[in-house]
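Take a look at the following structure, please.
The letters A, B and C name the chains in turn, as written, and every chain counts its residues from 1.
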Amino acid sequence: MFEVFELQKQLVAAAAPSGYEHREAELLKKLARPFVDEITVDPMCSVICHKKGKGPKIMLAAHLDAIGFIVAHVDEQGYVWFDRIGGHNPGQLINCRVQFLNGTKGVIRVRDAAKNLPQPSGALAFTDLYIDIGARDRADAEKHVRIGDLAIFEGAPRLVAGNNVMGPYADDLIGCVVLLMAMERMKKNDNDLYFVFISQEEVGCRGSITAAEGIHPDYGFAVDVCGTGDKPDDDKVPMDVSVGAGPTIKIKDMAVICSPALNGQLRAVAKKEKIPYQDEILRGGGTDTGSIQKSGAGVHATCVSIPTRHIHSPAELFSVSDVENAAKLLAAFVSQKL
Amino acid sequence: MLNVFELQEKLVACALPSGFESRQAKVLAELAKPYVDEVTIDTLGNVICHKKGPGKKLMMPAHMDVIGFMVTFIDKRGYLRFEPLGGHMAGALPATPVVFENGAHGVIFADAEAGFGKKNLTDIDIHDLYIDIGAADRAEAGKLCPVGSVCTFDCAPAEIAGGCMMTPYADNLSSCVALLIAMSEVKTPANDLYFVFSVQEEVGCRGAKAAAWHIDPDFGIALDVTRTGDAPSDAENTRMAVRVGAGPTVKVKDSSLLCNPQVIAHLRAAAKKARIPYQDEVLPAGGTDSAAMQRTREGILSGCVSIPTRNIHTPGEIVSIKDVQQAGKLIAAACELGF
Amino acid sequence: MKELLRALCTLDGVPGYEDEVRKYIEEQVRPYADEMEADPIGNLIVFKKGKRRRVRPMMVTAHMDEVGFLIDSITDDGMLKLAVAGGIDPRVLIGRKMRVGAKKIPGVISLKAIHLTTAEERKHAAPLRQLYIDIGAQSKKEAEGLVSIGDPAMFASEFYELGDCVKGKAIDDRIGCAVMIELLKTELPYDTYFVFATNEEIGSRGALVAAQRVRPGCVLALEGTTAADMPGIPEHKQSCAQRQGAVVSILDKTTVYSRPFREKVLKEADKEGIRWQYRASANGGTDARVAAAAAEGALAFGIATPTRYIHCACNVVYLPDAEEVLKLAAVVIKEAGELNV
């Protein structure tokens, strides 16, 4: 039986940035196999797990790509200059330890610190950041990395207080965990289910566009993370979502106004199954929900989110019970006769 | 020779910040025992390892405290407020994972008052940062991480390119490793040797001062880390000549002391005799136990051997494993050369 | 304690000029001291025997000096220019009543008249170099007849009740001195040194000298510490609060206070029902900074009375907090005897 923390650890160990999700895709295929009839990987590298049925088509989507870094240049002294994949706050990257997919490790630093550090974090350019991998010179460095190599945050998930987990890539490997757990928990049903691990969300929700076009679902559920309003000083812009108070049912984010009817159905299931949930309006940020909704001739779409603090940092924090409840909620929904 | 990487791993796993050194003190005392005649621990917690020898008294401190943080306040939602132990740049701390003495994990972030994004990174106030340990409220947080508890950077040493290791606390655990290597390499002392794992260096070289007063040595050679001039983060106009991988340094001067020429000469002679390549170090900043020794009692002739280190006071400090070994051998050679 | 504090806060003692305060304290403690001596820097070092001896000496310390000024020049118009002795909030100076020199010449801190200042100037505290003390002299010669360069200048604040609190100058650290005087009146479990220190406000110089002489194994610093429990200050920045009892230090800019010793003491304190709170801020420092690193080193303990508006002309304390400081200090003195330092 899948367990949230153990599963998340496995997925994080295989984390890979947008466009290069291969190793994560392979792991997810292996984990999903027992629960579905057919698994295909589309040209965008989205992993489509199909449990056949005669009923309506339901697409559940979580993105498998991670934000990361890609080597742009190795200089004569052996320092590695890079470009970003996905959204990063440059100021927050200073002194951040990273690991390349091939195992090489290093730390991000800023060029000419005396000049560049007395600036607001937003004024820092990515071209001013480099990775120190300890190499003696370019020749030594090129034994370990080359242009195009990828790096992610170093670190594994940790259990912290309150039955919470802290670590990199809750966004959105935890959504993939929800999908796997929903697959495992769902009851026998006649719905035509597509559990899709979507690629390239972090660089513009690209994988969901093509995946949704390929499937043409009747209903679409994205599973992602959302921000919370429970940090110190969050009373300035109140948001009524807290870690540990249940998964959310998304009402709106920057890229979608979720289907009110579908949300109504989801809430009814939650009430019936006694699953706690929170209402979510996310002022900043977009998810695959929008692309799914707009695909083909239109899809009834919404999103179930895992409340997560410190998104896009190496230490994202979420609640184990929120993940379990999200899986229960979606499993219950797809197990219905629709 | 002792394995540098494994020892660094062992020390990083137990080290606590200034004022709380008893865990690493115990480990270091055990590791030192086989090589010296007597190991004692004084009031402040310094570990003093005496290897008897003829001639002048030589004290060699390597500080075993590391920089970290102390919890000073817990708010009603269970977030921790903290103060630094040792030197930190607050603006570089958001998103830094930390681990507490009892193994609890947390991460540092900035609250809205900090102005992260608006203020210059160098102007961020550490009092506008907090640690999130996932606790639901003040009571839960207080049980796990009470006021007065301490934490360190939550990451481990890693072997990287260039024969280097990337590790938190190369400052100054790699010097403690070098000091152990020195102890293990000394066969025939030409001086009366006091190897000291000192406390509270990061908050003002307090341990070395007390230890120096007690031991009352003739000469002092500290073992610490020094900055380098080999990275893009260094400014052109204040660039040091020191590089990682080109050998340990013999310190000439830093902001806190002018090393006594006799000690510099002694170290250079020892390096020459033992054929150890070294670099000359002039550090435009800094303060080490050597300064504390120099100004204790009527004065102690002092100097320092340093391990070139990049990214000092961050979770990703980088040192050359060979430099650490050579630093240990240089100290050993200095012990075997009479003053 | 109120009358003792009233007497102490009425005396003057800018760093280096604490004689008045020391003389008063000498008279108060003479009947209780076994040994008493003023050292060359002006500290009053008092030794009192207890029921038992200690392995290494224990030093309890509070400082006699208050923040103030020295006159560093006299202008041609007879105005006195100031050099600061200790840290003072420059915003609180204009218009203050002062006393200058041994003759206690009264004066007022003055500045350019308001109708001559610009709106921009009025936004900021005037820098010290623009301020002067007006003693009513018309010329340099007249002023020189009353005061000399090098004379201390101190706040001339009265001591009186403010509701159930008291207000006066120099409560930091005459309150510490008051607590020590009260401790000296009691039976002690162990031999103890009490150091009434000079020159703390300019860098713990008195305590440094005293510590090198006493060579303590344990030091207890008694202070007045900033309480910022006022409207608009977020809870985590208040440091401590009035009416919440004795303030216990965990860390400051110059000292890591011994946690094992502190935990032992607070356990005992809880048994006795003593009210205490942690000092949540790590700003500033106490005399423990020099005493803890003196000689072979000492374990440090810090207790303070919450004091509003420290380093200003008028401090405010709630005296029952000081009573808790006294009780807690007694516990520290006892528990330190069991330390193997």
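To be clear about the criterion, contacts are C-beta pairs under 8 Å (C-beta built on N, C-alpha and C of every residue); 3 or more make two chains touch, one makes a residue touch a chain.
Bear in mind that the values here come from a model prediction, so they are computed numbers and not experimental data.
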| item | value |
| --- | --- |
| Chain centroid nearest the full-protein CA centroid | B |
| Pair with more cross-chain C-beta pairs in contact, given B-C and A-B | A-B |
| Between chain C and chain A, distance of the C-alpha-averaged centres to the nearest whole Å | 57 |
| Approximate Å spacing (C-alpha centroids) for the pair chain B, chain C | 35 |
| Centroid distance [mean C-alpha coordinates] between chain B and chain A, Å | 39 |
| Junction residues of chain B - those touching two or more other chains | 75, 113 |
| Chain B residues within the chain A interface of the complex | 75, 77-79, 89, 91-92, 94-97, 104-107, 109, 111-113, 116-123, 130, 132-136, 140-141, 144, 154-155, 158, 160-166, 230-236, 238, 244-245, 310-311, 314-316, 318 |
| Residues on chain C engaged by chain B in the complex (per definition of touch) | 56, 217, 234-237, 250-251, 254, 256-259, 262, 278, 280-282, 292-299, 341 |
| Footprint of chain B on chain A - complex, ascending | 75, 77-79, 89, 91-92, 94-97, 104-107, 109-115, 117-122, 124, 130, 132-136, 140-141, 143-144, 154-155, 158-162, 164, 166, 230-234, 236, 243-244, 309-310, 313-315, 317 |
| Touching residues on chain B, where the partner in the complex is chain C | 18-20, 42-44, 46, 70, 72-73, 75, 81, 83, 85, 113, 127, 147-148, 200, 203-204, 206-207, 209-211, 213-214 |
